Amino acid sequence: MGLLERLDAGEVVIGDGGFVFELEKRGYVKAGPWTPEVCLEHPEVVRGLHREFLRAGSDVMQTFTFYASDDKLCNRGNEAGVKFTCRQVNDAACRLAHEVAAEGDALVAGGISQTPSYLSGLGKKATQAEFKKQVDVFVENKVDFLIAEYFEHVEEMEWAIESLASSGLPVCATMCIGPEGDLHGVSAGQCAVRMARAGAHAVGVNCHFDPFVSLEAVRLMKEALAEAGLKAHLMAQPLAIWTPDTKKQGFIDQPEFPFALEPRIMTRWEIQKYARQAYELGVRYIGGCCMFQAYHIRAVAEELREERGKLPAAHQKHELWGGGLLLHTKPWVRARASREYWSRLSPATGRPYSAALSRPAGWGVTAGHQELLQHKEPTTQHELDAVNDKFKEAEA
Amino acid sequence: MGLLERLDAGEVVIGDGGFVFELEKRGYVKAGPWTPEVCLEHPEVVRGLHREFLRAGSDVMQTFTFYASDDKLCNRGNEAGVKFTCRQVNDAACRLAHEVAAEGDALVAGGISQTPSYLSGLGKKATQAEFKKQVDVFVENKVDFLIAEYFEHVEEMEWAIESLASSGLPVCATMCIGPEGDLHGVSAGQCAVRMARAGAHAVGVNCHFDPFVSLEAVRLMKEALAEAGLKAHLMAQPLAIWTPDTKKQGFIDQPEFPFALEPRIMTRWEIQKYARQAYELGVRYIGGCCMFQAYHIRAVAEELREERGKLPAAHQKHELWGGGLLLHTKPWVRARASREYWSRLSPATGRPYSAALSRPAGWGVTAGHQELLQHKEPTTQHELDAVNDKFKEAEA
Amino acid sequence: MGLLERLDAGEVVIGDGGFVFELEKRGYVKAGPWTPEVCLEHPEVVRGLHREFLRAGSDVMQTFTFYASDDKLCNRGNEAGVKFTCRQVNDAACRLAHEVAAEGDALVAGGISQTPSYLSGLGKKATQAEFKKQVDVFVENKVDFLIAEYFEHVEEMEWAIESLASSGLPVCATMCIGPEGDLHGVSAGQCAVRMARAGAHAVGVNCHFDPFVSLEAVRLMKEALAEAGLKAHLMAQPLAIWTPDTKKQGFIDQPEFPFALEPRIMTRWEIQKYARQAYELGVRYIGGCCMFQAYHIRAVAEELREERGKLPAAHQKHELWGGGLLLHTKPWVRARASREYWSRLSPATGRPYSAALSRPAGWGVTAGHQELLQHKEPTTQHELDAVNDKFKEAEA
Amino acid sequence: MGLLERLDAGEVVIGDGGFVFELEKRGYVKAGPWTPEVCLEHPEVVRGLHREFLRAGSDVMQTFTFYASDDKLCNRGNEAGVKFTCRQVNDAACRLAHEVAAEGDALVAGGISQTPSYLSGLGKKATQAEFKKQVDVFVENKVDFLIAEYFEHVEEMEWAIESLASSGLPVCATMCIGPEGDLHGVSAGQCAVRMARAGAHAVGVNCHFDPFVSLEAVRLMKEALAEAGLKAHLMAQPLAIWTPDTKKQGFIDQPEFPFALEPRIMTRWEIQKYARQAYELGVRYIGGCCMFQAYHIRAVAEELREERGKLPAAHQKHELWGGGLLLHTKPWVRARASREYWSRLSPATGRPYSAALSRPAGWGVTAGHQELLQHKEPTTQHELDAVNDKFKEAEA
């Protein structure tokens, strides 16, 4: 069954987790540009991560083509674009996703994301030209459906959906927004309405916010769709970190992004709560984004095992609610092998010198603003000085 | 050069990070028994993790043979022992470590750890019989040196060192203890003296405590060795999580072990501080244990780049002090690309409903105590009830 | 000059701080009923607290007549009503306020607050009969103006304003609400409009929320008044504790109320920020409520010393920004004698076993609901059992 | 019965709470010099605070003569010494304590504390000359016994005990030290032994540390006294704030001292735990120091009501374990009227932007060091610059 058949039948479709942060930690992706040239440089690594998600219960192998548009591969001195073209990266990513999908009953989804072209104000035609290069490869590679994800502006998202829809494949669309809506002031509800009207079959959010903040945004979307009399499946692929302190632009603006987010990483039990709440809200495409590791996806599959009527392969190494602890040598650890124990525990942070919340940065500028103009050359010292000056002002 | 040549020359030897927690998250190791049958079940996964550490700067590929003694593979209904023998697991692990070591300039170390036999009071002969089976495989596979690690009792450690030393290979010995010493009341300093006298060439600690608590234990060891007029290299392979609230038995006793430790995970910058302090204390074998991921090992290699005169392969995807952020699209994120920024940041936890510290459990019983007797059958309901009763008493 | 002359001239009028919590700590008021019979039992104690506020900069001595209506003095077995009448308590309170006001240039304000009669649904006539008894005493005692404060329902507040306005004296009206509005669902803005239309000369909020949450409510009030074309002075007398985690009913619902609120108490520097923000918002009657001690009022007076052209008597014992520390014997404490030091400090809590936030209780019931019916007899065991059952349900 | 009769009979003697911090908040004492000229400037205020403690259960009215030696009244430009002599202040303080003691069954204790003379290295003769002036007044005023408290150096304490003992009155001696001992490196245990040998009838600690850290110091003292075969009553008058993060010099060194300690203030329930633990350790003189308010003393009296066979006067306004909440109008607040509720509650801090712990300052210098030399003139700009430079170094 294809994606829409599954969703139309009310089935839960479990997405995959995050690639960029995980592969950054493993040493294969560079934080900053975040581009996926690893598909060509170390294909076995991408294959391995796909397989982790497959075994954890993912029903979708999403091509690792995040930020794999030509304009992004070349942005600000990124070497990826010197070595590889958009076509090469996307083609390799499709093959890797297909290989692993064939090991299970998984669908393959081709994914595109927002572009420097849009951010720099180059307009619809230039932006869609970037999308088209990726879509062509997806169609050639016979992916099952398409995802437009990680868009901060609904306008660019509409252009993206238009580009994807031309393929005739099912289209999913998730913005990296929270309850406050997009960066140009469009409400979360209106974003959903515009995505559905642009042709998306499933709409929702991904990245930038924690699962519970994200579900609040999806709830607003659901209400707006109902009010507009529109039908669209709901989808959520949030962060697996806590972001109670974010503003409109999400975790990007937290001072800890991207190298000190560790204390915020969610436990598997917290993810089980997310899976349950998502299901109860009516979300049927349930996955994750940055920081969502295989064990988090497995937690989704475990929580929804009755709804799905199955447990994933990786469950072989994980009894429900920590049951494996019955094999521990220390009796007081064996006593932790229960739902009651883990669902009640409020974990200590181990960080007595840390505060609970931080204050987001962010300059209130976005697409169209001079300061966000992108270019192929590396960031100049002049640009950097200006940034540092402004940053220090903001701090003081 | 072999291990001792490097250490004798004052070189830094970077160990690897943790396998069990990382592979548990990836879906290949079961929490509770924590045994490494993945070496046979999914060898490519173990190879992949070795490679991550190699690329991150590890000078040692340590065989993934933790808890791979026959008595542990069979303990409390563990299925690993039904499917595989100690010999099979250790042999596979040696081959995997060798394969990846050959991709770089790395040494291969065979590792053994504490046994249910000792905990159950079966005595020296039975315990050493378990060790011997592993050592025989290591010798056949021509590993470069041996490590006895994760021992809570110096008595069992002495027996282990004796077993390892019979091979004629260099022997490293690390106990999973902190400044309070071993579980039978032997001080950290005395543990070091006894390990050195038993024949260990390098001594120190691994696992159970955070890097800074661990270094405090190593400092006590260093002083005791000096006082005893003994020479031994110093070694540290701590956790990559914060444990300011542990008692004698370390993170095992924290209520969050093992499924809610996420908030404690260290940032790369915190690991750089550890690497510097370890070096300044005179530790030259510097690695990690549970939760120590590839990017943490890379942080050690980056911090000690001048002392080692090189940077690791994975540095290609990580500029020093977050320099890659210069390629970020948002100017206020580019402003974070500096040592000043990351070394000063005290990261928020994002967890306003969590306390900073928790109170360790632990019943004050250890080897020789009836409650710690191990057996092949699964934990019985009767045992479990007794444990739960005692646990609830402790809570109230 | 009277209150309205001062406010009309744009002068800052500093209110006083809190009586009930402070005198509870000193041993003269009982938590639970919170009634002010201390005015008769230990008048020198009330006089002393008035004097602390006067010396700290308060321009108003507010009679300690909180909850001093007959129906409250007798509620649920309260012994105060057996010993004293409303008339006696209010009369004594007026005399004490006048005595201390005469020691400085202070105004005397008579205050009334919400009643069990309203909460029990006895209607307008019965409720106003309670108010009238207090107002009569205030008029006889020639207070300078009147305050209706601590009302959770704007309907009862309108009745109160009507009762006060009949005296011909200036009327101030503050509800114990936050940005979410009153307990019957009336928005903060609409509450302000209705208070102004009912005849209040100054409107705002008191108690229940921290200064910054309270100012957000006042901001909504200011906007609604402007939109409605109404003129009223703005007033704020918030808590001196942090309440970032409250819902509609404020700190009453926090699990820590009223006996474990200590960690939330604000520093003098935090109060200075409040005073500045209140002033900038256009609030000119700036005081405090529960937990607001004399040194907090002094902080308001110090922050607004230029706007007021003076410093209070108690400034003799407090240099600005901790300047008195220059006389400390330890040099590193002398180094703290500066604005830079105290305005930048983020104080540690000293409580590593506490979380930052708690989850409010509250049953979503209010005036008119059976469970809030008040009576003269003590709470019965039957009532208490019902409450405990419901409480345990809520916890689980 | 006198102090020693009571203690010898095994009775609990409840001390009073803190004067300097409380009267600083009320506007009558200046932080920095902390001298008690309020005894002459506003005697009714001191009388009022004595009375609060008496009503709360204090068996001792301790003269408010802290830092009331002539050298301290004049130190660093303190105006107190210009207006008043040591004799005048001490004489007034004695009369106030006697007046209130006569209202109940309380003893009067004259108190002395450490001196700038000692800190400046002026030697035994000069230091004892300061003590003698106070002792003479105490004897003239017929106080019941004497207390030497708040000494950081056991040497000065021995001189003080000698001075006090010459009066023939019972002598109590408490140092402001923790388990690490005095500032010259003398262990807590040795301090106790030396105090007892110098002639103190009761020994222990006061100020500088929280109750539980303080009791740990008292435990060490108790053991050392037993080992030395000495008999002395045990005494504790700790802070009522949490100090888990202090080093040798206690809360003085915390960055929050003295103007941002609010979050650390203890609840009454935490104080009840202290009272119980103190009693169980064998401490029979149980009181408090800075931040210990009347309601904290009442908590001690309530916890030990069975041992003492009585409840204090202020209990009229406080049912045990919050029983007064049964009179609250909201049913979910009435549900908090129980021991189970308050003894289990771990209070939230309400401070999501605060860390749990801070790092103490302190320069590792003490009596005899040039930087601690005191003088009558105000701190010079030159001195201050030097301090600020050093402070900034320490911060960086």
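The chains carry the letters A, B, C and D, assigned in the order they are written, with residues numbered from 1 in each.
Everything that follows uses one rule, which is that a contact is a pair of C-beta atoms (placed from the backbone, for glycine too) under 8 Å apart; a residue touches a chain by one contact, two chains touch by 3 or more.
By chain, with names taken from UniProt: A, B, C, D = Betaine--homocysteine S-methyltransferase 1.
It should be emphasised that the depicted structure is a prediction, and the values quoted were computed from it without experimental measurement.
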{"item": "Chain separated most widely from subunit C, comparing mean CA positions", "value": "B"}
{"item": "Selected interface, B-C versus C-D, where C-beta contact pairs are more numerous", "value": "C-D"}
{"item": "Approximate Å spacing (C-alpha centroids) for the pair subunit B, subunit C", "value": "57"}
{"item": "Centre-to-centre distance between subunit D and subunit C (centres being mean Cα positions), rounded to whole Å", "value": "32"}
{"item": "Shared interface positions of subunit C, touching two or more other chains", "value": "245, 346, 351-358"}
{"item": "Touching residues on subunit C, where the partner in the complex is subunit B", "value": "245, 351-359"}
{"item": "In the complex, subunit D residues that touch subunit C", "value": "24-33, 44-45, 48, 52, 55-56, 75-78, 116, 119, 210, 241-245, 252-269, 293-295, 298, 313-314, 316-319, 322-337, 342, 345-358, 361-363, 371-372, 374, 378-379, 383-384, 386-388, 390-391, 394"}
{"item": "Sites on subunit C touched by subunit A in the complex", "value": "346, 352, 355-357"}
